[in-house]
Amino acid sequence: MIAVENLCFAHGDGGRIIFDNFSLTIRQGEAWTVIGPSGCGKTTLLFLVAGLKMPDSGRILVGGEEIRRPRPSTGLVLQDHGLLPWATIYDNTKLGQKIRQFYGPDGKHSPAGISFDHERDEERIHHWLSWLGIEHLKEMYPSQLSRGQRQRAAIARTLVLEPDLLLMDEPFSALDAPIREELQKVMNSFHKQSGLTSLTVTHDIEEAVVLGEKILVLSENCNSAPQVVDNHLLGAMEKRNSTEFREKCRELHDLLATKRDNVAEERE
Amino acid sequence: MKNKGSLFSTLAGVLMLFVLWQLLSLVVNLPILPSPLEVVPLFLHDMCGELGLHFLASSGRVLAAVLIATIFAAPLGLLLGQMPKIDRVVGPLIAIIYPIPKIIFLPVIYVLMGISDFSKITLIAIIIFFQILVVVRDEASGLRKELILSVKSLGAGRRALFRYVYLPASLPGVLTALRVSVGTAVAVLFIAEQSLTSYGLGYYIVIETYQVLLYKEMYAGIMGMGLLGVLLYFAIYSIERKVSKHLFIQ
Amino acid sequence: ATDKGVLRLALLPVPDVLPVYVALEKGYFDELGVEVEALPVGSAVERDQLMQAGKADGMINEISGAANFNREKIQVKIISVARSPIGESPLFRILAAPGSGITSVADLADIPIGISKNTVIEYISTRLLTFGGLKEEQIVYKSVPVLPERLQLLLQGQLKAVTLPDPLGAAAMEAGAVEVINDLSRRDVSASVITFTTEAIESKAELLKNFMVAWNRAAEDINTDPAAFKELVLKKIRVPKNIQEKFVTPPLPLKAIPSKMQWDDVMAWMMEKNLISAPLIYEESVVSDFLPQ
Amino acid sequence: MKNKGSLFSTLAGVLMLFVLWQLLSLVVNLPILPSPLEVVPLFLHDMCGELGLHFLASSGRVLAAVLIATIFAAPLGLLLGQMPKIDRVVGPLIAIIYPIPKIIFLPVIYVLMGISDFSKITLIAIIIFFQILVVVRDEASGLRKELILSVKSLGAGRRALFRYVYLPASLPGVLTALRVSVGTAVAVLFIAEQSLTSYGLGYYIVIETYQVLLYKEMYAGIMGMGLLGVLLYFAIYSIERKVSKHLFIQ
Amino acid sequence: MIAVENLCFAHGDGGRIIFDNFSLTIRQGEAWTVIGPSGCGKTTLLFLVAGLKMPDSGRILVGGEEIRRPRPSTGLVLQDHGLLPWATIYDNTKLGQKIRQFYGPDGKHSPAGISFDHERDEERIHHWLSWLGIEHLKEMYPSQLSRGQRQRAAIARTLVLEPDLLLMDEPFSALDAPIREELQKVMNSFHKQSGLTSLTVTHDIEEAVVLGEKILVLSENCNSAPQVVDNHLLGAMEKRNSTEFREKCRELHDLLATKRDNVAEERE
């Protein structure tokens, strides 16, 4: 599904090199999570895969095609939400559908074979809003919502478009534990039901374990060879307190610590 | 309740203005600055007669000019705000053309479009075109990047971005631009309506009163301009309350 | 305007004000102990504004303009004629567009004529047109107060006829416009005048007398040798490029005040135009005390 | 490299303008619209002589007027943007006064401040005062609330908010306002410099050239106004690059 | 230190009532954490205590004085950071000091007895920036930072002012596990060293347990009587994997779930 080939990237002209000759393959239907120290380039990677930033060299293929602009059936949930401040939650959720209708099924801005069905679209919006517990806030503006509510609105906005590739940047970071777990469950079921491919950035190691069959660990230094941890505990909600689960978490935790220390030493 | 408060403040403002005016007229104490006590009754009386017609003629021209200018300037401003490359070419161009007193080109405009009322409207429209353009462009270029990225990720290309982000995002800017340019448009009447018409506040003020030193009548005409300005202000304000509801949430 | 020894004059760049500049250059004012400060203005309204603000003591204007000042209270008085149509030099001309086929006043019936409304231009136009045989209802005016604009509209044929003052009128003819009539045919009504505020007349009477002496000397100089001041003229007076070569300084009248008949005719016109509600009295607005003996 | 690109775009823009002008002059084909091929050499020649002096005189007046207007309007605009209650009173007042052609108050200004050059500068300053005020106010009132709250939590009261949030936050707005009003200020010269002066582009264009039908020279004067406009534009642009660095990060 | 007395609050005129006759006392030197479902009013509570929002009725006393405007020695770390976009990280961090100098020690905008010492101030900024690992980003603007880096800048900005009461709204949510743990440790040591009082909102139950000797659990319904869970595991970093710790977490987790469910049912 995703093939990152010899990716090189640095922010701006004199910026730190974040990816240097970095290659990675994610197969259709796989659920990946990404962890790494703050500032290591997780968001940047997501932006690159989403087609919102362009590699300095190398290329990224999604579904066999090189990414030059956002791909219509890729869904992206941003870290800072990006809701339109002048639109209500309902209108924000409907935005993607509106854009698709605006262009029609052109394959460039909206998936080629898509058909428009007003009722089905409304039904989906209703479904996701109520499922995420923010349907009663439909007529509110983003500035009137709590942060968690805003985050859920951003998730709803992406999910109504039924993407086949879902890129999420710390999507549940502002949600309380119970709802976060529910959402994690849904994400897992998606993979089983619809063969969704996903790439989720998170700071919560447990979440990384629950959501990712493969866990990509990025380092604050320049990333060249991807470090991928295999994980068979995907979806093992009930095992959260098992030794196995905790072992995995501890392993990742220690790995993460090394990703940081390197840098700190270098910086001295 | 809110609206009543707003109405009340407006009245307070207007009252203040009249008091200031009265004071100033007492200080200056010359026929060139008559007291509002003389002018206001005259204004009220005349508005039901001749002056009313001049007022209507001017309103029509200003509205038409503002409409035309907005239709051309707002999209162009949005475009330039979006595309810094083009802006770097057009920006200095605007800076050159903008300060040139357009009134000089009136003869050229007459040649190109005849001496109909439309030439006048065009002139006013050209003058305020640049003001709207500059404000809208600056507003559009200041848009937060995350917002644009997030909407791009929903599939939006240039056109959809325009429709769903730039347009609504710069509505407040467009309205600010309108507020500035409506004032200018009314002020330009003063010059544009001197020629080739016998109706309009500009004509009334300059030809019928100012140059023959009928100061009280002139100030009645000026009050007409003020009234036109304030009516347009409230028109814009009510549009703003409609389209930018989110700005009025406390 | 309170400085005792100074006369401040608001002056348009027109030939009518020439004696002031000539007298200044020749030092006539200095000789007579009058200090004259020329305030150049771009338009008649600004000239009037300076007067209204009390920042100028006097100006060169027209009878109707002076009457406007005196509508409610006598604020200014006319002390002399400044210029009137003399010899071959008119003040105003009614001109037809090149190729319009209009040659006589009769052709102007129902043709819109570009003028500056409510000013001396309208007054003169009306008088010239009725003199040429048009009836009131056959006269149609269009307001074009800015002179160069009026000229352009004429030359482009957007207006079939306009009234222009000289030297702009002469320039229009040079550019192809056709003269229909000029105010040489109504010498009795056309004149520009020297006007001072009543305040200046009361407090600076001596100065004014001397001012008029100097003015007359300058005017005589101009009349005797018009060519001598060409350079000064081109500097202070707006003479369009295309007639600068040919331009002759117009002769000026000496020691005259507008007649009662002239005044009353203007009053009649102003009544007609609703510019005044009652005719002003000639003697209150025009004084002859300052004409040099 | 960036600056070179910017210079290049400007030149491209100017070239485009001249081409357009040339085309239009061919179409209109009248002395009132001479070709740039005639005007530009004249302009270059005259700028080293008389015209240069007129240019300097006007530049001085515009700069002084813009400075005065900004000093008064920017803080007031910030204040009104911050305090909607006061704005509700003053807003309609501005709407009334703004469109009134200030030129009619010239005699009042003469009475109050004499007929020095300062009256002219005051007139220009008054006219652009309102434009700056409106734009700055609208900009200041659109500020994000979180920002204000966060700085309040650091102890900032009204004054510190003003100094550390409203002022820097509305600098882009002030600069936009300046861009709009600089254009207007130059255009107003056309009216303000007709009387009581023998120097200035307005004087040159109206009295020395327009009235005597020297169209080529007039267009040279107009080019002077354009030049003044574009110089001020780049001055503002370079201030902007200095003070709002964060807007130029890509 | 903090006394909330009969607090009533609802957003806007017709908004949901969030607090109704709510009273609470927090003593000097105590470390509290606040948890609750997303949208329950945690941020609102912090804003009320910080003096950025005013109660509809009732009152809030901090240090014995009723809060009518922000109190100078209260530090607040906001959920959406509130960094000035036009100022570099260094300038953002210095902002609080600048404001204090602007007013001088007036007791209203800046603590009464404060003295200004340029070098010490610089030293503090340096200390916190380097400690938080963002000193090398000093000259960058907020828009050039990753989310976690921005969050750290917001923390630095508050800590340089050495507050005696620290209000933090999900301060570590965007940070990776190792750095989060380090920060938690520092917070704990603050309490011991300087008698700091703190009120920290978090979604991470473990964090709530590590940081709070008392844990306030808010409900999505209108809050009347505060539900406070006592917790002696404060600072028990090393016990994270102990049964006791996990038990506590599970207890809170279940409690939280009830706080949510109520509402969902009500909403049906």
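Going in written order, the chains are labelled A, B, C, D and E, and every chain counts its residues from 1.
By our rule, a residue touches a chain if its C-beta (ideal position, glycine included) is under 8 Å from a C-beta of that chain, and two chains touch if they have at least 3 such contacts.
Since we're looking at a predicted model, the values are computed, not measured.
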Counting C-beta pairs in contact for C-D and for D-E, the higher total belongs to D-E
Most remote chain, CA-based centroid, reference being chain A = C
Length of the line joining the C-alpha centres of chain A and chain E, rounded to whole Å | 28
When the centre of a chain is set as the mean of its C-alpha atoms, what distance in Å lies between chain B and chain E?
-> 48
Determine the centre-to-centre distance between chain B and chain C, using the mean Cα coordinates as centres, and give it in whole Å.
-> 38
Can you list the chain E residues in contact with two or more other chains?
-> 12, 80, 143-144
Touching two or more other chains - residue numbers and ranges from chain D = 30, 32, 107-108, 111, 210, 247, 249
Which chain C residues sit where two or more other chains touch them?
-> 49, 52-54, 152, 156
Listed in rising order, chain B residues that touch chain A in their complex are 146-147, 149-157, 159-160, 163-165, 168-169, 171, 244-247, 249
Within the complex, which stretch of chain D touches chain C?
-> 30, 32, 106-108, 110-111, 114-115, 194-198, 203, 206-207, 210-214
Chain D residues touching chain B in their complex are 5-6, 9-10, 12-14, 16-17, 24, 28, 30, 32-33, 85, 88-93, 95-104, 107-108, 111-112, 130-131, 134-135, 138-139, 141-142, 172, 175-176, 179-180, 182-187, 189-191, 205, 210, 218, 222, 225-230, 232-234, 237, 247
For chain C, which residues are in contact with chain D within the complex?
-> 13, 39-43, 46, 49-50, 52-55, 147-148, 151-152, 156, 168, 171, 238-242
Once bound in the complex, which stretches of chain E touch chain D?
-> 47, 50, 52, 69-70, 72, 74-76, 78, 80-87, 95-96, 98-100, 102-103, 108-110, 141, 143-144, 154, 157-158, 161
